[in-house]
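In what follows, structures are represented as structure tokens.
What follows is a pair of complexes built around chain A, which joins chain B in one and chain C in the other.
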Partner chain A sequence: MAQKTYAGVTIDVNDEGYFTDPSQWTKEIAAEIAKEEGVELTDKHFEMLEYLRNKQAAGEQLTIRGINKSGIVDVKTFYQMFPGAPLKKSTKIAGIPKPTSCV
Partner chain B sequence: MKKLLILGAGTGGTIMANKMRKDLPREEWDITIIDQFKTHYYQPGFLFIPFGYYKEADVIKPKNNFIPVGVNLLYGEIDKIDGKHNKVLLKDGEVMNYDILIIATGTRIAPEETPGLKGELWHKNIFDFYTIEGSKALANFFKTWEGGELVVNIADMPIKCPVAPLEFSFFADAFFLERGMRDKVNITYVTPLSGAFTKPRASKMLGNLLAEKNIKLVTDFFLGEVDNESKKIIDFGGQEIPFDCLVSIPIHTGDPMIERSGLADDLGFVPADKNTLQSNKFKNVFVLGDAGNFPTSKAGSVVHFQADTLHENLMCYIENRPFTSSFDGHSNCYIETGHGKGALIDFNYDTEPLPGSFPFPGLGPFGLLKESRMNHYGKLMFRWIYWHILLKGKEMPIDSQMTMAGKKME
Partner chain C sequence: MSENNHPVKKVSIICAKGTIEDVYASLVMGNGAVMEGMEANLFFTFFGLEAVIKKRMDKLHTGVIGNPAMRLPGGMRMPTWLGIIPGMEAMVSSMMKKEMDKLDVPPVSEFIELFVAGGGSLYACKLAADMFKLKKEDLSEHVKDIITVGEFYELAGGEGSQIIFT
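Here is the complex of A and B:
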């Protein structure tokens, strides 16, 4: 298993850089990963990260269209917040596994 | 008299009606199955219709052919489930009480939820092949089409039978080649996934097949809207792809009744335990197949394997014993690759599709994760098996739990 150090803490990650243990996550760590991904975190970002973490912890599937029901932002804004591949980027920063869009 | 109520007489509901009627004494248990439609569709057959390989008559039979004697089949629309009072309300005002409820209401496409998808070009230049109407309209369109940009797009996951859009693309390549017009048709496969498929080994194998057949692959594309005027699909990030013919796999949701009943997750599916199949909300409610939020394929093979678990666990529940069966997410899909060949994948919640042979180690006759003629015959034979064995809940020579025997770790 690979490891990475963020904000002075060593984190277990998979070969794509996703956390294998979401409980290792802190806001300071999130800020550092975000920097790597070229994202500047605002309060809205943190609200979104919390939402994603809660969903993941509840065992629910994370999807792009589910974002519309988050009550935080709509999908278009979500794309602006995490440009490129928003779901992949946001889950990486949120310290949770990459959504599998299961088969 | 106790009551077992089954919602939905599709693949899952029908199998359960057959299995449970055999085990529950008629003098103690009344079994009723409700559905709003009278026709049972062999849904895997829809894929074959646009290319003229199957006709409508090949994929339909009356639902009541498959419901055993001793089970009440009721045609009607469900208004909602009242789980607190163990009741199901029908739209015509009838109230059905139950001791045990099985939700097997499936999933449906919801093209109306994407702006422009169900617009003026719907079933003119934009088609689905997940309904009988869509696949027939596309068959008609292909008869006279002179070529152009053919775009196959998955709007978002999850979808029914996640390999079907790939099979469609492979068929399209073979179909236009055989008609001598492949050079006039550009095929582009546009998916929200990061590769041709979700799991790494299968994604690589299927991605190679796309490249071999000169089908362009666009990944990480989440459909935001369809511009009917300029004939383009546009993703949420603004990326545009032009089409002359769009074959769309629209987003999927559960039956609207699920949401009315307050039982739906964000996508309209019913949250349930992925191993026991018991609802998260009510202990006497069980969920089967596409209607559930299970993290595996929405596919007939999954329903068929789940039915074995549900059958066993329902008997445990009725007899007040702890559940003894745990569903492992087993899925088994034949993948048509065109020109009379096919591939096969077999996997579960934890094990991705691996190469090897199936169902007998070393012998096959089917090859896993590779193309062969035998795999194609397997898919064709399956239609007969579906109508005659599977729906009737009879034994098949395939374990409902996935086995590692015959699979090779590389």
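Here is the complex of A and C:
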């Protein structure tokens, strides 16, 4: 298993850089991953990361429709917050596995 | 994921059929592309236009006749003659939609909104629109334009671009 060091903490990650243990995540770590991904985190970002982590912990599928219904931001804003590949990027920063849904 | 020296950067997807499964194949491919950060165009032609006609986009059906892959709940093959029973097509179609909803696959109009919010573009085919006597106002407001095949090829070009016919 690969390991990475963020904010002075060694984290277990898979070969794509996704956390294998979401409990290792902290906000400081998130900020460093975000920097690596070219994202500047705001309060809204943290609110979204929290939402993603809760959904993942509950064993629910993460979908773009779910984001839209989350009440945090609409999808357009979500794409702007995590430019490029939004769901992949946000889950990486949230310290949870890469989503497996196609929608 | 393996290293890819020639990543797909842009997809232009042609949807030419109007059944639930044909339209969703195009929408899933298109939405998947914008979610991966690619540029994506969806081009609707012939019966595929059903997916962008305001009044009909959320009322698509799946064909129950001439579909040898159609199964009954339980897995037995659905005999063709069953398909001619009045209401069968509507029932099968509503079951399909229910199953998709369980997987958080949105209805067509909502799916199109998500796709456009992600930066995707929709176009309708001029020839087919003329043939079906459709005007821009009959179509979803998310359809950018009614274009010719030549214009479609122009906007489909560029490095790392692919054209997909579903």
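Operating definition for what follows: the second predicted complex is superposed on the first by the 101 of 103 C-alpha atoms of A that agree within 3 Å, B and C clash if a C-alpha of one lies under 4 Å from a C-alpha of the other, contacts with A are read in each partner's own complex, and residues count from 1 in each chain.
Assume a residue touches a chain if its C-beta (ideal position, glycine included) is under 8 Å from a C-beta of that chain, and two chains touch if they have at least 3 such contacts.
Just so we're clear, the structure is a prediction, and the values are computed from it rather than from any experiment.
On the shared subunit chain A, the superposed partners chain B and chain C overlap sterically.
When the shared chain is aligned, chain B and chain C each come close enough to touch A:A85. When the two complexes are overlaid on their common chain A, residue A:Q61 makes contact with chain B and with chain C alike. Looking at the shared chain after the overlay, A:T100 reaches chain B, while chain C stays out of its contact range. Contacts of A:V75 after superposition: both chain B and chain C are touched. Among the candidate segments 20-28, 110-118 or 344-352, the part of chain B whose C-alpha atoms clash with chain C in the superposed model is 110-118. Shared contact residues on chain A (touching chain B in one structure, chain C in the other): 61, 63-66, 75-76, 79, 83-86, 88, 101-103. On the side of chain C, the complex with chain A involves touching residues 1, 28, 31-32, 34-37, 103-106, 110, 113-114, 117-119.
For chain A in complex with chain C, the residues that touch the partner chain are 16, 61, 63-66, 68, 74-76, 79, 83-88, 101-103. Across the complex, chain B is touched by residues 60-61, 63-66, 69, 75-76, 78-79, 83-86, 88, 100-103 of chain A. The part of chain B that touches chain A in the complex is made up of residues 113, 156-158, 162, 192-194, 197-199, 220, 222, 224, 236-237, 251, 265-267, 271, 293, 295-297, 331, 347.
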